[in-house]
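Questions regarding the structure given below will be posed in turn.
We call the chains A, B, C and D, going by the order they appear; numbering starts again at 1 in every chain.
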Amino acid sequence: MLLQEGKGQLVGWHDPDENRKWVEANKPRDMTDKTMTAQEAVSKYVTDGSYLAMGGFGHVRVSMVMIYEMIRRRKKNLIMAGKTAVHDIDLLIGGGCVDRVEVAYAFAHELRGLSPGGRRAVESGRVKVVSEISNAGYQWRFLAAQMGLPFIPTRAMLGTDTLEKSSAKVIRDPFSGKPICLLPAAYPDVAVIHVPRCDKFGNCQIDGTMVEDFELARAARRLIISTEEIIPNDEIRSKPWLTKIPYFNVDAVVEQKYGSHPCQMPLEYFFDEEHIGEWLDLSKSDEGNQKYMDKYVYGTEDFADYIKLIGGEKKMKELVDVEHLRRPMTAPWLKNKGGE
Amino acid sequence: MADYTTNELLACTAARVLEDRKAVFVGTGLPMIAGLLAQRLHAPNMLIVFEAGGIGPQVPVLPISVGDSRTIYRAIAASSMHEVMSMSQAGYLDFGFLGGAQIDMYGNLNTTVLGPHGSPKVRLPGSGGANDVGSLSHKTILIMRQDKRKFVQKLDFITTPGYLQGGNSRYEAGLPSGSGPFRVISQLAVFDFEPVSKRMRIFSVHPGVDVKTVLENSSFEILVPDEIRITQPPTKDELDMLQKIDPVGMVIAKR
Amino acid sequence: MLLQEGKGQLVGWHDPDENRKWVEANKPRDMTDKTMTAQEAVSKYVTDGSYLAMGGFGHVRVSMVMIYEMIRRRKKNLIMAGKTAVHDIDLLIGGGCVDRVEVAYAFAHELRGLSPGGRRAVESGRVKVVSEISNAGYQWRFLAAQMGLPFIPTRAMLGTDTLEKSSAKVIRDPFSGKPICLLPAAYPDVAVIHVPRCDKFGNCQIDGTMVEDFELARAARRLIISTEEIIPNDEIRSKPWLTKIPYFNVDAVVEQKYGSHPCQMPLEYFFDEEHIGEWLDLSKSDEGNQKYMDKYVYGTEDFADYIKLIGGEKKMKELVDVEHLRRPMTAPWLKNKGGE
Amino acid sequence: MADYTTNELLACTAARVLEDRKAVFVGTGLPMIAGLLAQRLHAPNMLIVFEAGGIGPQVPVLPISVGDSRTIYRAIAASSMHEVMSMSQAGYLDFGFLGGAQIDMYGNLNTTVLGPHGSPKVRLPGSGGANDVGSLSHKTILIMRQDKRKFVQKLDFITTPGYLQGGNSRYEAGLPSGSGPFRVISQLAVFDFEPVSKRMRIFSVHPGVDVKTVLENSSFEILVPDEIRITQPPTKDELDMLQKIDPVGMVIAKR
């Protein structure tokens, strides 16, 4: 019945029984105050060599506060879930934190073009792509983990090198008699998700699309939440159907206003395209990369300090205005577009 | 010279493939613009879906990212990737857009790597949602710049399935029955796929382009039908609407 | 690799390719006004012999307006999804509409006791149980259908007669090497879900728990929505993250205030325990069953007429008060409780 | 006669099995009452979860149904069956409650049918969530009225797995490692399961009950440990709290 086995590295899989034991022993069932600083969250839950997955999508609702802090704390040898990993992985590679990636989508910035830094790292062999997968495939790996299953089926990926370089297997479906792809569960060692609001226990509300964060939050062994705002538990309890992530999935809560800058926080503030443009420009060389890190990461004490450096409340107010369509967007990369 | 740019031609040609009262899965850039153009001209009741979960928005300005909040602006739902990918797997999505660095005669695409996978000459972004769109949509529309380095005999990496090895091989691999590449749109021509062999075939050549040029700009043999159609050039209405859809010139040059 | 095959009837399964073709040809992609009367919805979408699944849970958020209408229109030979089917299936059996059931939970009324009518029908052979399954198993069958998959795995049901009498299969998981149960997808011919509000196109918001309605709405071939209230499309578009069911899954929208009576509409009105008690009492005999049907179903023209009969606005106002804890509940079955 | 009813004894005994800072999956009736009692006395930080999707409510009055809006009153989440059953399968739920019409020596339960499945003498509700709770919780607590017709040699139907055929058979069937029945609580005694054979064994007998009565009220042989514990009777605090939890007497008689 086993028709094919992908040759990619099986990242983040655990036998469901082993993971149940881990959950039983390690995940909190009682509501305790989990608020801490970004620094505390990194030192407590991000270990060198960890398999890391970031929430959000591309440059949208990404926990940049935690990305900068991981670089500042010089985390090493992380394996990254390249699930529409874009700005996050770019910086983590630039900061020397990541050396292996399972790729669904990485090393590019959507409309803005390819990523100079990420590409250079892979092409030089400094960073290894250990397996390939599709976007749907990656999020369904998290669904399998959320459900405590060894695998989840999909009809995508069949017949391609994406499957051949993945960790999926193909069997003959005993119901239809047709080949079907089985995606192994993925349990990140640590996931970081940025949300608009949560309480101090970690009960989160998220407006806008969930992307794959619903499943990821429940798949991750350790989950760090960074939040624009901490709200009272009463607000959670008054409309419990708005809770997208419950406290018992959460290990740390880090409050950080503007914590997604320069990425977009949907319904709150827009991409800082000038800052992203500066990074895309600097990351064309190792020297530029170092310059960016020295200035924005090592040169700042924490994220509040960084926000001051990028222009503070005044700058953020502008991005709030762009997000709410009160002001047009501007972007340096626009100059190179629009023709052929 | 015609009074339109290549991107304008590609956008208009792609838009016309889309049908009213159908659902289309779009990425940012040309696909988004083609989708909006179709919706505002001949397909007002077409449903637009984004992979991050935006469903049926009334976009106020062109989104930069498929996860961008513009994709849920006055949308009918802001859901999740699980939801929209499930919709696609279950057969709710009629059209999907794809592009790539390399394509072969069966419409297979490479967006992963140039050179060997383990020691790449050029590392590309990988599948992203492309393999899913190419596997699960009923019909895919492939937008490709055409030259001999891009239209290749053998892909360095099959990221996204077209008709695989041709014939019935796509279905035999377990991919959904009746799905696959519908049209390829290049700067020179539009292609479809011959029904039995599933090999790429000229559907129409763009105004001012001859068949020879189309064939010369490919490393594999493209089939030529008995009768050659000419692609309709963009109309003034279409070109005007493109300016309204992309006023800042993200994809379409300002006039 | 195939270790076991359940011997129960495979209800509602389609080859995924066949169902994709059906969806492509039959489900609406464009937004059209789908409002119609209960009678129109039944005659358009409920065919004799259909495989039917009702939304909600037990006596909670069940579309009683459509249940009564199906009985009134004397639908026949329905196969029912016994997914915590309680009051709905009881009445459909009493009305002679259902003759086969796939059972996760049926023939009982939770705390209120067993169902006299449903049990009598099965024990006399008038209604056949064609397969067994668990609650989680049933909703995951809908998840498989939502996802367009032939099956979804679970670690439940293994080793039991529930599996032996189900339509599931057991294989050896190629990742863990352990046996795992594969639940076949279930695509109901028609599902009916009651919601607090939706627009005329069928975009639905649901407060409270979703139970299994998220998956069921997306699994069903035809979906009838009954709603307490129709709201403008603008309200849907102003907070699109609250849309739980999008219009393209929906085939009919039936507006009916109090449409779940005598069941509970969470956050709106409480169970009518006196009415449920009257049914439990009458359904002890075929004569009583006929008396109930004559009075409440055949004796009323439509649901508005029925609501008048059960006490109209005055009665409903009381149930609204109980739901909002402004008035204590009363229940005839309470008399028989509390002792041994 | 002791100054408490059987339901009071069952509720208090079950409540004491529950631990603080753990999660419990409850049904309506006795399990709900046991959960609330534990939470209000020794386990204030215990998480209560309902199968329809209610998570961590502060119930104002006793719910009638596990899908009832009281189960989401001031809850931390109102989710779905998919979410809570997934939680359970993934190992987040420590305790679950079960009951049934028949039980065997390995703690397997029947809630489906008495007599043959095809021509039942008595049709029961079926699994409901019981098979899921029995399969997926770390530990289950079985509450059963005990007599020779209920404690049987062979079930008419195995609805919900206990230790199946004993020994290692539960794990070998593919059910989660380390899971299974933890305690059985009847009106006569509390039982556990002998670790190797997985056969039911007396854990404690209730006050005023002798071992002989316990053994006589079973059609299968119950193991007897060397030392026999006596179940602690309900305390006044517990009995008072039960009245507060169920003031209208849904399950607990009014005093």
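Following the convention adopted for this analysis, a residue touches a chain if its C-beta (ideal position, glycine included) is under 8 Å from a C-beta of that chain, and two chains touch if they have at least 3 such contacts.
As the structure is a computational prediction, the values presented were derived from the model and not from experiment.
**Student:** If you tally the C-beta contacts, which comes out ahead, A-B or A-D?
**Tutor:** Answer to which pair has more contacts is A-B.
**Student:** What whole-Å value do you get for the distance between chain A and chain B if each is reduced to the mean of its CA atoms?
**Tutor:** A distance of 27 Å separates the two centres.
**Student:** How big is the gap, in whole Å, between where the Cα atoms of chain B centre and where those of chain D centre?
**Tutor:** One centre to the other, that is 57 Å.
**Student:** What's the distance between the Cα centroids of chain A and chain D, rounded to whole Å?
**Tutor:** Chain centroid spacing, chain A to chain D, equals 41 Å.
**Student:** Going by the contact rule already set, what residues in chain A reach two or more other chains?
**Tutor:** 16-17, 148-149, 154-155, 178, 180, 207-209, 241
**Student:** Taking each residue of chain B in turn, which ones touch at least two of the other chains?
**Tutor:** Where chain B meets two or more other chains at a single residue, that happens at 54, 72, 78-79, 88-89, 136, 176.
**Student:** Could you draw the chains as nodes, link the ones that touch, and say if you get a line, ring, star, complete or other?
**Tutor:** Graph shape, chains as nodes and touching pairs as edges: none of the named types, so other.
**Student:** What chain-chain pairs meet the touch criterion?
**Tutor:** A-B, A-C, A-D, B-C, C-D
**Student:** Quick check: in the complex, which residue numbers of chain B touch chain C?
**Tutor:** Counting only chain B, the residues touching chain C are 20-23, 45-47, 54-58, 72, 74-79, 86-92, 94, 136, 138, 176-178.
**Student:** Contact residues on chain A for chain B in the complex?
**Tutor:** 56-61, 82, 84, 103-108, 110-112, 114, 118-119, 122-123, 125, 129, 132-137, 139-140, 143, 154-162, 165, 170, 178-181, 207-215, 264, 266-267, 271, 273, 323, 325, 328-329, 331, 334, 337-340
**Student:** Taking the complex as given, what residues does chain D use to touch chain C?
**Tutor:** Chain D reaches chain C through residues 5-7, 28-29, 51-54, 60-61, 64-69, 71-72, 78-82, 85, 88-89, 108, 112, 117, 119-132, 135-136, 157-161, 164, 169-170, 172-176, 246, 248-254.
**Student:** Taking the complex as given, what residues does chain A use to touch chain C?
**Tutor:** Interface residues on chain A, with respect to chain C: 1-2, 13, 15-17, 148-155, 169, 171, 173-176, 178, 180, 182, 184, 206-209, 239, 241.
**Student:** Mind listing the chain C positions that touch chain B in their complex?
**Tutor:** Residue list for chain C touching chain B: 16-17, 19-24, 27-31, 145-149, 201, 203, 218, 236-238, 240-241, 243, 246-248.
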